[in-house]
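Quick heads-up: structures coming right below.
Here subunit A shows up in two complexes: once beside subunit B, once beside subunit C.
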Partner chain A sequence: MADELITPDELLSKIDHRPSGAGWMDTPVDIRKGMYCYASNPKSVETLGLPNARAWNPLDEDWKLPENWQQIIHEGFKERLEKFRSFKVFMDICVRCGACADKCHFFIGTGDPKNMPVVRAELLRSVYRNDFTTAGKILGKLGGARPMSLDVLKEWWYYMFQCTECRRCSVFCPYGIDTAEITIMARELLNLLGLNIDWIATPVANCYRTGNHLGIQPHAFKDMLDFFVEDIEEVTGVLVNPAYMEKDADILFITPSGDVFADPGTYTCMGYMLLFHYLEEKYGLKVTWSTYASEGGNFGFFTSHETMKRLNSKMYAEARRLGVKWILGGECGHMWRVISQYMDTMNGPADFLEEPVNPITGTKFENAVSTKVVHITEFTADLIRHDKLELDPGRNDNQIITFHDSCNPARGMGLLDEPRYVIQNVANHYYEMPANTIREQTFCCGSGAGLNAGENMELRMAGGFPRANAVRHVHETHGVNMLACVCAIDRAALPASMEYWVPEVDVTGVTELVANALIMPGEKDRKTDLRGEPLPGMEE
Partner chain B sequence: MRRAKSLAAKKKEILKSWFKVTVDSYPADTARFLKGQKDPFANPVGDTTYRSLGALLDALENGSAPEVMAKALDPILRIRAVQPMSPSQATRFVFSLKQIIRQHLPDNGRAGAGDFRDMDVKIDEMALAAFDIYVACREKVFELKATESRKQFFGSLKRAGLMVETEADGPGF
Partner chain C sequence: MNKNYMVSLIAVIVLFLIAYVGTQLGAGVQMVFGILVPYLAVALFVAGFIRRVMGWSRSAVPFRITTTCGQQPSLPGFKQAKIDNPSTTFGVVVRMFLEIVCFRSLFRNTKMKLHGGTKMTHQLEIFLWVGALAFHYAFFTVVVRHLRFFTEPVPFFVTILEKVDSFMRIEILYDAVQAGLPGVYMSGLVLVAAAIYLFLRRVFIPQVRYISLVNDFFPLFLIIAIAISGIFMRYLTKVDIVAIKELTMGLVTFRPTIPDGVSYLFFAHMFMVSVLLAYFPFSKLMHMGGVFLSPTRNMTGNTRQVRHVNPWNHPVKVHTYEEYEDDFREKMIEVGLPVVKMPEEKA
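Moving on, here comes the complex of A and B:
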């Protein structure tokens, strides 16, 4: 054993902390543990009927690719350039002005220049120039072109799964290039060779086969909600009675399954149940859950557009089967980008549903006229605006709150004011983070687009730092102790990020805050919030 | 002591050099951004690094207690512990301070050499504290990984109905 150890002198001679100074094209990819997610389980790839299902390890030299993999990539690239005009434009139009370069949380957090959105896109563009443009073919490296090679492919895989498709960079692009769509296309190409990550592939397979990310079967889904019924009764004294697959209910409610199975999303889920019970008792509104459409999230979005379409189709299918008027969506992130920007053209038009109108207030949700899906915070904000909810904001007085705009609802559907309006009506202590870290410029949690695994924790922490830094600022200046958000990935990812960067701050969904303040008909003298923590003034 | 006084006089220059050397451990494009962007929320790594180094020089100048030193070291190491760099890369900035101080405070005689020794001892203590904090951050990262796996594992058992939680009023209580 001792022979294998290197001497201190040898070790010291190897230490060189000066960066090489080489350009990005001449800096070889270094696949580091902690920065990447495990390769997809072959069974999941097989379930989805996607190509090249096999066990492989990103750290191995041999990625077990099909022999003609370069041809597959070239043809896949060509097909997508022809099919998607936007992709072609995004490949051609960038002038490398650098406006996006320092806007990515992964670049800011990791300090790796290949995480500058412009460079990440150049990884793909360089091959595009080489394969599809005359200038690239003639000028080669001088013109920013390079041929596809195994090293380039590994670089694609490593960096395309260090992008959360949050689109903050796109906000700053003078040409409006949607850099997330470049990552989406790159991941599609990688999937042609079976190069997905398991945190995406297995949830997608589960969703396709069983209906939700964790592969929870209908009876187990109902069991979980039954547990919540008991917990809710314990806290409020009210026995709620959620409806499942109820035909001719007014509204079908679909939320990410993370709300049903992972803390602290579970408290948000209890919040939905209390709100629906309140609305039924007071106004006779009938909302139904479905164990078939039991997943709002859609990791198909991170695989390929065909996979996204397949998973998404069950929402409309279930709404049609049950004969509801429209769909109400829960607090999810990318679900809303899929709904707002893709669903209508993929699986629509949903002309068998009604244009959404709140039957209690008469408000017509103009923005959802086409998709027929309304966001829970739009719905709740409307109820509060029309004074339809009896609220006691003092019950949230122990929470000093700030709001993290979840990337996709903020930038993908423009949901900016409704959550703030709701929070400020159900709680008394609210503070904004600095302007360049919220609303359209919000920083990602660092774990979206399927990167919320455990093995890439270093990447998640580094990517989550810009957001956590802003949270720390409001914690230090205003004593903020609660970070509210409207996304299940946020609720799963931000607690770890907070624990590392700002341990004094906890994470909540907005509807959890609503339910704590909501005065239920027939409720007992409530002593605790939904987490079992004493309400203000009830501490022993 | 005299050395500490001259450190105070040259602190601005020393901090500038130390910051430059520290951020030059990143690739050139990144270093340019870390130095150039002054908004603390657009450039939290640059801002935190600068503030941490400033607080460390204050602590050195004032001969502050180890806790003060540790508090100043935490933010910069918390960042470097999750960035793609080796442990030696992450902590090297502490050692570079010796050289930088010598560049800015020329040695004028025998008495001065003794003062450098005192300063070196302090910087060595800073380095030891840096190792402690770096390792604590790495341990935290692995704790987070372990906790998430644990939750996933027991969550699966629970969902599969293979685990029943003990009731407080059940048999045996």
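Moving on, here comes the complex of A and C:
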């Protein structure tokens, strides 16, 4: 973490939620260090064949834009209004009631009035009115319209990368206006001018070539899982044997590469490996991994619809090539939004796969008969309900747990009760955070939609405040010390946010908790959990 | 002093005066404000409204991106939120009905508070919801009541609504003094009160003041002015109601006429209504039509069960498995990962 990061107290004392002074149209953007992500590496932009690859710096006056950039934006805008009804309707019907204002974690955490979802959208709407509406053309600024200019463009860039597309505001909007879709369109437009951020563009380029965001090549990917195999053997005495690209396996498993790479996601990854080993030993279920489709996440989603589709295509392609019956998806947020709301439409129909049935319980996953992708907690919940897992929840007794609903599975899918059911069956101490901060009203970790870089740490901590505030509440009232989640970005982002706001709380994936409780066939007397921490009663 | 609402206020005053003073100049001007402008306004309203809605419906719906506000359909044992995360058309209809008729999403509204600068809470905040409901239902009632001026005989539901609306009466019935107002319509007073509340929150809540544009104040002032001028005519200046009905019936039967005795205040009232109608399709007031088309609310959230087809699903360049294996074949073989094609020398 950057050492110049301000302290939590300083950060909070800076917040003023009462905007004053000049109106937003008269306040030029001030691109501030700690709040923005570095510009994309031109090599990554080139790899993907995206427009205007060049080195540039957001702090420079000159952004090295193409000569006709205004025309590109205007035409891109027009095209998207025709291609997306949502975009067009959202440009027209906002009444600026302000219900969304204090629902945004970035507005709450920064107090910057342009982080109110309505203003974020107005940044675009003002140009929309000027370019595409009669009233805007006649009334100009009086009608809330303004022409596109370099300052406006910079403002777009700054604020569209201060939105994590979490969609919390859309829950409260009386017209269901979804700021995420507005941000997505704006980022697409910015992408047309090569105004990407590196934390997104480079993972996308990596994923395109190597199959995952982190750029892990196939041999290294296997090395990493081999390393987990050793760790698992050390903890449990069981030697697991993950399968790679095995033709005619029952199920293809895809999870975000973050789980392979960094703690605490790695423990969740070990959890998957233990679970699959258990199911193979006990029930003969064959699950395979793939290095080609080794990324569940999709930073393409944060670039453009087209890029999202390019990266996502690997999932179905690999499932078809391997001849599996269906796909099992790991714990990830935006991966599940893409699977749930885009994948079948973009890259389907998946008629080469079978309607997903759990061969162990006979349960048909009716809610996934078209996409043929099942969420790991749906799968585990089904196994638990049919009593197919031998569990010792007491092994998680040192964890006093709460569950953080990740934005995308909550508001882009409705996966709310499954992970709770799983946690409550593998652990004994579980408490909910306050009702206005969970389920469909959950707060973002503050680092989603490709913003979990290092250079924008102040922004991330500010955005993480509402979530951390609710965690602190259950920490103080119930002694909660473990924050469970089903998202790899959460597992990457929340530890930093917890360390900053509530240092007594750790972060875990749900499947890690499952694996700690899971009694493996032939296991040794387990003394520690997957992290090497002593199990309850095993402390010296 | 806020420029945005001063401009709007002045605009409304000017509009009022144009009609109020203008119609005093003679019969010709009265024809303009009593016949020409209303027809023009209705034409603009209808054509503009249709054009807007057609414009929206012409745009494609490539994905089904609902906002899921509850539990998805899942395994037996997990109770689906059938309205907030609907997977059937029936669920969507109920969701939309509650949204349009009860402003359900707005009812969720919370207010964030930072206590002592460190502890945050989110409490239910229903005033916006109450104000919005009061405003819209009062407006709706007023509009329906005014059908009395455009129908002969007056339909029964208008009469019933009038009765309900005017159950409160102000009357003094002594032998010596007998006075009273005509039945007081609640809707008119609620409309003015709610509109003033909506205006005041735009002025006094700093966040809402920050986001408010002229486009937000102008229709509010216009509606307040229309309502107040109506109230004046009914309770205070006691306009010639028979003459006015002759005029309005003339308009709807396309035999327009300007009878004698129509007050200038009425012309101003009708002119402001005309402006509102003409302004409607070009403004945020189109949320009336748009709410029906909001893509996050009016579709089923069952995209994993039923495939949604994108009309413009463009092909994209992908990195195939074969290209991937070509890139990494040696390394894959080295660690024992399966490959499809063996390298030349080993084949």
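Keep in mind that, in the parts below, the second predicted complex is superposed on the first by the 520 of 540 C-alpha atoms of A that agree within 3 Å, B and C clash if a C-alpha of one lies under 4 Å from a C-alpha of the other, contacts with A are read in each partner's own complex, and residues count from 1 in each chain.
Note that in this section a residue touches a chain if its C-beta (ideal position, glycine included) is under 8 Å from a C-beta of that chain, and two chains touch if they have at least 3 such contacts.
None of these values were measured; they are calculated from a predicted model.
> Just from the overlay, do subunit B and subunit C fit on subunit A, or is there a clash?
Once both complexes are aligned on subunit A, subunit B and subunit C clash.
> Mind working out whether A:Ala515 is in touch with subunit B, subunit C, both or neither, as first, second, both or neither?
Neither partner.
> Who does A:Asp102 touch here: subunit B (first), subunit C (second), both, or neither?
Touch status of A:Asp102: both partners.
> Just checking: does A:Met116 make contact with subunit B only, subunit C only, both, or neither of them? Give me first, second, both or neither.
both
> Name the chain, either subunit B or subunit C, that contacts more residues of subunit A.
The larger set of subunit A residues in touch belongs to C.
> Could you say whether A:Tyr292 touches subunit B, subunit C, both of them, or neither, answering first, second, both or neither?
So A:Tyr292 only meets subunit C here.
> Which holds for A:Met35: it touches subunit B only (first), subunit C only (second), both, or neither?
first
> A:Ala135 in the overlay: touching subunit B, subunit C, both, or neither? Say first, second, both or neither.
second
> Report for A:Pro434: first if it touches subunit B alone, second if subunit C alone, otherwise both or neither.
A:Pro434 contacts both subunit B and subunit C.
> Is A:Ile216 touching the first partner subunit B, the second partner subunit C, both, or neither of them?
So A:Ile216 only meets subunit B here.
> Same subunit A residues contacting subunit B and subunit C, which ones?
Touching subunit B in the first complex and subunit C in the second, residues 15, 17-19, 101-102, 108, 113, 116, 223, 434, 436-437, 465-466, 469 of subunit A appear in both lists.
> Mind listing the subunit A positions that touch subunit C in their complex?
Answer in residue numbers: 9, 12-13, 15, 17-20, 23-24, 49, 81-89, 92-99, 101-103, 108, 113, 116, 118-119, 122, 133-135, 139, 142-144, 167, 170-178, 181, 208-211, 217-219, 222-223, 244-247, 291-292, 305-306, 309-310, 313-314, 317-318, 321, 339-342, 344-346, 348-349, 363, 365-371, 373, 378, 381-382, 385, 410-418, 421, 434, 436-437, 439-441, 465-466, 469.
> Any idea which subunit A residues touch subunit B in the complex?
For subunit A paired with subunit B, touching residues are 15, 17-19, 21, 27, 30, 32, 34-35, 101-102, 107-113, 116, 214, 216, 220, 223-224, 261-262, 434, 436-437, 454-455, 457-459, 461-462, 465-466, 469-470, 473, 496, 499-501.
> What residues on subunit C touch subunit A, complex-wise?
7, 52, 55-75, 77-81, 84-85, 87, 99, 103, 105-106, 108-112, 114, 117-120, 122, 128, 132, 201, 205-216, 282-284, 286-287, 290-291, 293-297, 301-310, 312-314, 316-321, 324-325, 327-328, 331-332, 334-338
> Within their complex, state which residues of subunit B touch subunit A.
Touch residues, subunit B against subunit A: 24-31, 33-34, 37, 39-45, 48, 78-79, 82-84, 88-89, 92, 137, 140-142, 144-145, 147-149, 151-152, 155, 159-161.
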